[in-house]
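One chain, chain A, appears in both complexes that follow, with chain B as partner in the first and chain C in the second.
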Partner chain A sequence: MTDFLQLVFSGFATGSIYALAALGFTLLWQASGTINFAQGEFVMLPAFMMLAFGAAGLPLPLAFIATCVVAVGVLGWAFKRGIADPLLKHGLMPIVVATIGLAIAARNGIRAGYSAEAHPFPGLFADKLFNVFGVTVTLADVGTLVLALLLVLGTQAFLNKTVTGRAMQAVAQNTESATVLGINVPRMIFYTFAINALLACAAALLITPTYLAKFDMGEGLGNKAFFAAIIGGFNNSRGALLGGILVGVCENLAAAYISPAYKDAVALVIFMAVILFKPQGLLGKKVERKV
Partner chain B sequence: MPIIRRTLIGAACAVALTLPMLAQAQAIKIAGLYELSGAGASAGTMFKNGVDLAVKEINAAGGILGKKIEHSIADTQTNPGVAKGQAAKAIDDGAFAVFGPVFSGSIMVSMAETQRAEVPNFTGGEAAAITQKGNPYIFRTSFTQTTAMPKVAKYIATGLKAKTVAVMFVNNDFGKGGRDAITKALEANGVKVVADISTDSGQVDFSAPVLKAKNAGADALFVYTNEEESARALRELRKQGFTKPVVGETTLTGQKVIDLAGEAANGATAHVGLTVDAPNPLMLKFKAKFYQETKTIADHNGIKGYTGVYVLKAAIEKAGKLDRKAVAQAMKGLSVSAAKQPGVLLDVSFDDKGDLDRESFLVEVKDGKQVVKEVLPPLSRK
Partner chain C sequence: MKKLPLISGLVIAAILLAAPPFLKNYGIYLFSYWMVFVIATMGLNLTVGYAGQKSLGHAAFFGIGAYSVAILMQAGHSFWLGLALAVIACFVIGLALGFPALRVQTIYLAFATLGFNTAIWLVMRNEEWLTGGTFGINNIGRPSLFGLNLDGPLAYYYFVLGVTVVMGLVQWKLLSSPWGKAFTALRDNPIRAESLGIHIQGYTLLSFAIGAAYAGVAGALFASLVQFIEPAPFTVGASIMMYLMVVVGGPGYFFGPLLGSAVGVLLPEWLRFAQAWYLFIFGAAVILLMLWLPDGLLSIPARLTAKRQAREASAARAAAAAKVGGAQS
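Entry: the complex of A and B
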């Protein structure tokens, strides 16, 4: 039983990071209809930015803040203006292809600059162990889980409780009505892109000590976050949290009780099951479209 | 007169044009097939840097038999299929010798090409099966698992006095070969393997395998995975509060693993064929030169690449001519002493299968550094 709990708990920590990346997927989709297949690379790039700032002498917290500023500019503003805005006019397909291309370019760019080797990344939390009912829990796992949950719930609260958040939701639900109501639509969409960039920075900070900073670290992460977002419901931000944690925990259990070789297939299997029986996702709402 | 002048100018131009071609024809072409991306990037990059450094030194000192070395580099992407294709291309390009790939899974596939073309091939792969296929053109730059594992098993049985061991290995040719060799060697030493834990190449989360290792309740854990995975395993072992001795063979205490695992690497012990921390002035000099060139500390793969080129140099000098067959023949039973050929760093001898023998070390990681606990003599000297 303790083994089971141990696996479930460490699955929660990994799953909460999938949830952060998955939340980015759902936010961008809701606000602007963008599907960003470079989401994994959006986590990888801040990890290397933090390494670069760290190498320049900044301590980790300052490196993180500096990375957030750069990320909002590059992964938020520049991504929106340079790729999302011009391509969205032509439908969804061009943007999907463009973000896949962007992912390849980001991976190879980092590989050219930083080599294909893995780089160590400083941990945010000290090496501390606790023993709760026979389950060994580390400060890093608890910290990751708590921080990730706070970020997801904080984003939720921001969207639901603040004027700006509600305006963003209004834009997501009906752009034309929002414009009529006097909401600055482009600005609200930019806010979404900025939040996505910040979530990616936080995910990078939490996950890189384990994943190690490597040019292809975002590949698996991006895929799993995408599956997690669909499992939870692509049009529901809370769904991202549920989907992420579900994937993280099931992966860990499959690795222990079936075989580590099947671990990466778990997300895909749940994804297929959900698509078959509840296509809108576990928490998603059915959306009807007029033709 | 103008005709003579024109002829002279024409002749001069022709000579000028053919000069680079002549220089090229005289160079000794070494084709490097390395894992520069994918799961083997750490190992491949180190090996390549080692070869680069040796080539630079040898060229600066006048080359081999008066000819410079030309080193071409190709990335196998840690993919055996890609490695095989690149081996074929290297042969088409007229390579005199091939270095790499480093991963056992890749060399097992690519060496068919070099064998067919009768091109000497130096590999960093350690799987026992590589030299058991009767290929006369394959030569190791490190121990085979069947040489190394008995030394590890002996340490576990007599040094640690362990009665039971859990074995964690990576599910590829390298890992499976090592698992088989260590299991056999442990049994021969009266130690029982109580858990057989398979992990994946490129695995990120080690919580499940470490949990299995903890639950096995063995006296010691033997970890045999590639560099990045070793670092992740060590981190997870520390995370879950694993207190039993953790033993490995070569990779576990490599410098790259120590860099990546940080404090979690402290306390791990391993048998290593090569380490820059060996109490040996030539090795220390190499460590400094390697650091100066690459700003990284060489691990065993860096030493393997570096010494491999010097072994080739010794073999060519023994053969006395640039003939692939003669060089491969010269490698059989070749003994190179570090006193005569300092680039090999440690006295080394080859058998007729391409396996090598030299002294080795038992190391422990202390404060983020490999510390040599014991120097083990070459097998032939025992």
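Entry: the complex of A and C
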């Protein structure tokens, strides 16, 4: 039983990171219809940026802030202006392929220009163990879970409670009416891209101490985040949280009780089951077909 | 302008027929590799380009084809039995995957197929008794045709080229048949197609299954070409590359796969001079290509025609305006 609880708990910690990456993904989709196949690389790049700033002598908090600034500029603004804006009017296919190209370039650029090895990354939390109801948990797990949850719920609150957040949701739901209402649509879409970049930085900060900084660390993460987003409901950002944690927990349980070799298939099985019975995702809304 | 497609077609045919004998073995191998991918992406083009479905699991069918041949040949059966089984297996699995996938559209379908690819890859990697796991399957033979031995690289290349042409003709026939018309009607406007009495689900499934069968043929040829297979060429990454090839070449253009797989197979080879950076350059090139030509390389002629027509129209307008202006003064 304690084993079980332990597995569930560490699953929650991993899952909350999937949720962070998945949240950015659903935000972009809702606000602008962009599918970013480089979402995993958007987590990998800040990890290396932080390492570079750290190597330049900045302490971790400053390195993180500097990375956030650069990321909003490059992964937010430049990505929107350079790739998303010009390609979106041509439908889904070109943007999917361009972001695939971006992922290939980012991955191999880091490999060729920096290093192919895995680099250790400073942990946010001290090495400390807790004992809760007979379950041993690490401070890193608790901290990751708490921070990730705060970020996801904070983003949620920002979207629902603030004027800017509401305007962003209005843009996502109906761009034309939002324009009529006098909302600055391009700016709201930029905010979404900026938030996506910031969430990616946060995910990098939380995930890299465990998984190490490596040029291909984004590949698996991106896939898991995609599945998490769809399981939860692609057009619902709360779904990202549910999907992420569901995938994280089930993966951990399957690896322990079924077979570690098929751990990566867990996300897929849940995904298949969900789309069979609820194609719009667990929390998603049905989308009407347009004639 | 009208002669351009004919001339470029003849040039390509001449290169494909005449160039390989002058190449070293590696060059011949690359040409064969290219043709294998032409067949695979022809199938994907049917699903993605003509029927408008987002499929990111094509490498799984490619792998099923390759393993069918490898496993059967290892058990002492002929290549041809393996090929037949590859086609049937891919077609049936394509249908089976299509059913749940049909409940979802666009992005959801993309990830359903992507997940399917992951599952197939896991089976290839983990079920050692069947697939050899990460050690793969060695010494896959090459077929013989009507007593002709196809062991040599050049002989095998011409065999693959011949199959490519046959598969191309089949697709050409298919596209000009009512079936093909139904596919494109579906892509352009599913709801209108439905109101015209086209059975959407049936045709979508069919485009999916036929596309999968093409990948099966390509996989069978691939196994015999490289003679050693392991799970690596059949990952999700490979599927994504095939999707990229289709979109870069020009989705919904008959010759799109020919150009697209040249970009995907040959371009990285040309970029080898950049050593460690070659994949970075490749990725950047793909982004630039999409920004410049979002509808793929084969949209260049259509674009030129549109430009010329616009120019002619504005010239005609200017002439008309001059005439009116002249009459007035």
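The rule is short, and it goes like this: the second predicted complex is superposed on the first by the 291 of 291 C-alpha atoms of A that agree within 3 Å, B and C clash if a C-alpha of one lies under 4 Å from a C-alpha of the other, contacts with A are read in each partner's own complex, and residues count from 1 in each chain.
Rule of thumb we're sticking to: contacts are C-beta pairs under 8 Å (C-beta built on N, C-alpha and C of every residue); 3 or more make two chains touch, one makes a residue touch a chain.
Treat the numbers as computed from the prediction; the structure is a model and nothing was measured.
Asker: Aligned on chain A, chain B and chain C: do they clash or fit?
Answerer: fit
Asker: Where does A:V171 make contact in the superposed view: on chain B (first), on chain C (second), on both, or on neither?
Answerer: Neither partner.
Asker: According to the stated criteria, A:S10 is in contact with first (chain B), second (chain C), both, or neither; which is it?
Answerer: First partner only, chain B.
Asker: If you stack the two complexes on chain A, which partner ends up touching A:P279: first (chain B), second (chain C), both, or neither?
Answerer: After superposition on chain A, A:P279 lies in contact with chain C alone.
Asker: With both complexes overlaid on chain A, does A:R111 touch chain B (first), chain C (second), both or neither?
Answerer: A:R111 contacts both chain B and chain C.
Asker: Is A:A228 touching the first partner chain B, the second partner chain C, both, or neither of them?
Answerer: The answer is neither, since A:A228 touches no partner chain.
Asker: According to the contact criterion defined above, which of chain B and chain C contacts more residues of chain A?
Answerer: C
Asker: Anyone got the angle at chain A's C-alpha centre between chain B and chain C, nearest 10 degrees?
Answerer: With chain A as the vertex, the angle is 70 degrees.
Asker: For A:C68, using the defined touch cut-off, is the partner it touches chain B, chain C, both, or neither? Pick first, second, both or neither.
Answerer: After superposition on chain A, A:C68 lies in contact with neither partner.
Asker: Is A:L212 contacted by the first partner chain B, the second partner chain C, both or neither?
Answerer: first
Asker: After superposition on the shared chain, which partner residues are touched by A:L151: those of chain B (first), chain C (second), both, or neither?
Answerer: Touch partners of A:L151: none, neither chain B nor chain C.
Asker: After the superposition on A, what does A:M49 contact: first (chain B), second (chain C), both or neither?
Answerer: neither
Asker: Chain B and chain C, closest CA-CA distance after overlay, in Å?
Answerer: Closest C-alpha pair between chain B and chain C: 7 Å.
Asker: Under the contact rule defined above, give the chain A residues that sit at the interface with chain B and also at the interface with chain C.
Answerer: 111, 261
Asker: In the complex, go through chain A and note every residue touching chain B.
Answerer: 3, 6-7, 10, 14, 111, 115-120, 127, 129, 131, 136, 138, 140-141, 210-212, 214-216, 220, 251-252, 255-256, 259-261, 263
Asker: Please name which positions on chain A make contact with chain C in the complex.
Answerer: 29, 35, 37, 82-83, 86-87, 90-98, 100-109, 111-113, 219, 223, 226-227, 230, 234, 261-262, 264-265, 267-268, 271-272, 275-276, 279, 289, 291
Asker: Which stretch or stretches of chain C touch chain A in the complex?
Answerer: Going through chain C, the ones touching chain A are 48, 54, 100, 103-104, 106-108, 110-112, 114-116, 118-119, 122, 125-126, 190-192, 236-237, 240, 243-244, 247-248, 251, 275-280, 282-287, 289-291, 294-295.
Asker: Any idea which chain B residues touch chain A in the complex?
Answerer: Chain B residues touching chain A: 36-38, 41-42, 45, 171, 198-200, 203-205, 207-209, 211-212, 215, 228, 231-232, 235, 238-241, 256, 259-260, 262-264.
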